[in-house]
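The data blocks that follow each hold one structure.
Heads up, the next two complexes both have chain A, just with different partners, chain B and then chain C.
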Partner chain A sequence: MIRPLFYKEWMKTRWFLLLAFIVLVGVSSYAMMVFQHAVSRKGMEHLLIMMLMRKATLVHLVKYLPIGVGLGIAIVQFVPEMHKKCLKLTLHLPFVISKSIGVMLAWGILMLTLCFASSFLIVFGTLYGPLPSELLAQSLSTLYPWYAAGFFAYFMVSATVLEPTWGWRIGYALITVLGLRIYLLSDQPFAYTHFTWEMIALIILASTLSWQSVHRFKVGHQD
Partner chain B sequence: MTAIIECKNLTHSYGKRLIYENLNFEVPKGRILGLLGKNGTGKTTTINILSGFLRPQSGTCKIFGDDIQSMPASLRANIGLLIEGHVQYQFMTIEQIERFYSQCYPKWKKEPYYELMNKLKVAPKQRISRMSCGQRSQVALGLILAQDPELLILDDFSLGLDPGYRRLFVDYLRDYASSENKTVFLTSHIIQDMERLVDDCIIMDYGKILLQQPVKKLLETIHCYQFETDEASHIERLIDDNELYNPTCLGKKVELYSFLTKDALVKKMHDVSIDYQHLSSTQVNLEDAFIGLTGKY
Partner chain C sequence: MNRIYQITFVIFIAILALWQLPWGYRFVFKKHTQTTLPFMLFSPITHEFSYNEKDDQNNLIGKDLAGRTYTSNELDSVLPLFYYRQLADRHALPDTIAGEAMPINKIKKERFIFRSSPDDINGPITPLYMLLESEPKRLDFSFPTDFFRCTNQGLEFVDMKTNKIKKAKSEHFTKALKAMGCEFPIIKLHSNPSVRKAYDNGYLLVDSQHQLFQLKMTHGEADCQALILPNGVEANQVFITEYASRKSLGFVTDMNNKMYLIDAETSAAHAIDIPGFDPTVQDIMIIGNPLIWTVRIQDSMSTAYYGLDAHDYHLYKKKVYPNKQNSFIGLHFTSWKDGYVRTRWN
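Coming up: the complex of A and B.
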């Protein structure tokens, strides 16, 4: 069951994944090159002072990319399923429907994780060593709400695209916008330290919506 | 004969618009059954219920003895589904889509699929999104044949096809179903195709089934009667008669359809005191029978 469904998801998403991977890795590498250039021009001491005094994080270029990648993967994965109601073909496969949806979402999660992990490793690999651990944590703590926003965007856009009724679709779109606003409220380091569990809970809640959309599609809800 | 599809007391409506109430029908094993009905009589609704994409408001629908709504996933491997418009995954090529489905179905036979593709002279690398509607219909049919299901459910299989592709589709399907003893449930708005293909037909009118019987029997027993009368306005006396279907007048000429014999019709006309001349009956084809039973509009 997993193999054919992963094959289908790969067929839909491979070109976008390549693009997303290149952009994320490229921008993360560029941000780190800017950091290395600043170190060579003004010295490490100056940079450390900037980071301490102005809470500079060195990763701001990456801010909106995880959301873009999450949104993009959801679109390239599920718009073709809804085109001419192709989803009927997927739901007619001899697999348990809830598991099929789970496998499709698992593909998205896996690909997002790979993309975000590559970007994270570039940042971590470059900053680990030159920066003291407190300042390294400061930069990384700014990154993770953005990655979380990418997962949230992925689940919400998936549910919105899979939704057969306009009422729920508009509702989901509004929740997506408001939810993403929460994830992007602050760029300050450690701003989300006390909000980590809430962010995870929001992502888990968002992940359940796709099943509900598919259930409504399956039983024939329409406007 | 074992029933592959059993629908009992199906009732469905969209909002306040009742599509049908207490609909009952069965499809026996090894038969090709065509569902005929005008637009809006509930053909697609029935197909959606049968393929599990619509929950009826009441009633049950069983396939292979299992309720469709709670059917085990593995049983779907035995049902080939053709969605209206020959929809298939547009992002795949001929080769990729075969590779994908072959991993899903245990009884997969790629030979009939590639045989059909070779007949169409389409390259394995050709993307489905770049194919014509006719070519896509053959891809969809080839995939169903390769799946080798016991039951085929085909929604408006002739939609968008030119006569050549329609004939190819019908001939391939009829040959496959009869040689492999498959059960087929289908709809089409082109009734000539149905006549070439189906063993039995269900004719639906708004809210109900008018009849379900073998096409051969239907065409043997239904007659189109024509006669002339000076009292065309008196035809209204026949309209409510449930043995005479859709009497229509054009000048002095009257046309109606009935399962009555000529003698029985003569007696009925006598009973309602209608004078007539030149009474004749003609053999009808399935399209005539359908229009005769359901009316032109």
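Coming up: the complex of A and C.
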């Protein structure tokens, strides 16, 4: 049953995934091309000194993209389920409901991981050779809170879309906005060094809300 | 199972409420409850803290803590080393102040402002440092072509262009510091890596035994010295200074938060007569001139002003204002004391 469910998710999300992949990989590549262009024009020394003195990270262009990708995948995955009433059919499949939801969310996690890992590898692969490890860490340390924000956005928007009542939808939307603000509080390198576990905990908490929405849908709450 | 989901939702709401409600409360009410202290300076004439304030008609009037009031021109004369340009413009700058000859060039040369904030000390840093050539061939300084990092074994210079370690230079500088008695790793260091300055004092370094050193690069060679601290004093935090007077190498605080000034000529450490300064939690501003230092130290509990003699750093007068305590405790993720995002209650 897992493979047909994955296929269903693939059919819904493939075009958006292609777009998200192209945009994320394209912008990450562009950021690295800007870096290489600056090196060829001004020299590596100048660039590294600017990185050190101005705390530049070279990856600021990527900042809001993971959130956009997370939000987009959640929408293309779950809006058709609700709009075309497909969720009701999914819930009537000969498969445990919680597992069905789990498979759908696992698809989203898998796709987000693929997109974010591609972007990360482009940045890492470009900067690993020329930059000292400290400056490499400076750049990468600003990236991972943005990727985490992408996962958080995905789970919260999924829960919001799956939620059958407006009251809870508004509550989830509020949590989404404020929760995302936590991930974007600072662009400073290494700022989230002591907040990694809290970021993960928030994502785990957010991931459970979709089941609650579906449970409420199943028992018949509806506006 | 449904209960678990509801608990999750409640946890979320609780976290966000504990974070946003105190913020909202402060946003609405803070301006009504907070009092701002005036910008005060210690006068070498009246030996009292003096400041400017606006009256009901929005006119500037001078005041001091003894209760005297001044016109703007009178306040210029009470704080002649701060408003020396105003006085010079009116041809009212005296030849002597507090019995000392005070030509305008001496005032210009010996005035300085030193500032440090907990954010500078506690904030996240990228642990790579640049050592400038202290005696460049041309007049202007230029940035080096390598960084150095502090390892447990010594200093390690990395070529910026190739990202390769410069072994010979690393060994040379490490050996030079070891010859001075430095025991690695370096635990604190500070410099002013700007190229737009008149001269270079290099780095002040604190080693693992809390000894203090100065490191410069002169004609490509290591130029270092051990700075002798008073008996029993262990260096903790260091601040290089490169003021026009060239009188000091920098400030240093010890493990008991006592503050010292390192004399550039003798390399001796002179204790500054203030009760204590902890750079990790306190903000400091020193406004210095040839006769008087006004020191302001702020933290969450109080704001303290000290008027010191600029010759031997003894205390003339102090004034401490307790800060209003925040009665609304909440959850915060950022702080002015460091640049990290982390969970904190205050």
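In the analysis below, the second predicted complex is superposed on the first by the 222 of 223 C-alpha atoms of A that agree within 3 Å, B and C clash if a C-alpha of one lies under 4 Å from a C-alpha of the other, contacts with A are read in each partner's own complex, and residues count from 1 in each chain.
One rule holds in what follows: a contact is a pair of C-beta atoms (placed from the backbone, for glycine too) under 8 Å apart; a residue touches a chain by one contact, two chains touch by 3 or more.
On a predicted model such as this, the values are computed, not experimentally measured, just so you know.
Once the two structures are overlaid, the count of chain A residues touched is higher for C than for its counterpart among chain B and chain C. In the overlay built on the shared chain, the residue A:52 is in contact with chain C alone; chain B does not reach it.
Within the superposed three-chain model, A:36 lies out of touch with both chain B and chain C [touch as defined at top].
Legend: residue contacts after superposition of the two complexes on their common chain; A:194 is shown touching chain C, with no touch to chain B.
In the superposed model, A:89 makes contact with chain B only, not with chain C. Shared-chain residue A:185: touches chain C; no touch with chain B.
In the superposition on chain A, contact of A:97 is made with chain B only, not with chain C.
Across the superposed pair, chain B and chain C touch chain A at no common residue.
Listing the residues of chain A that touch chain B in their complex gives 3-4, 7-8, 11-12, 80, 83-86, 88-89, 91-97, 217-220.
Note for the complex: chain B touches chain A at residues 48, 51-55, 73-77, 79, 81, 83, 85, 87-92, 96, 99-101, 103-105.
Chain contact summary for the complex, chain A toward chain C: residues 43-45, 48-49, 52-53, 55, 98, 129-132, 134-135, 137-138, 171, 174-175, 178-179, 182, 185-186, 188-195, 198, 205-206, 208-209, 211-212, 215. Partner chain A is touched in their complex by these residues of chain C: 1-2, 4-6, 8-9, 11-13, 16, 19-20, 123-128, 130, 143, 145, 147, 149, 158, 160-161, 163, 193, 333-334, 339-343.
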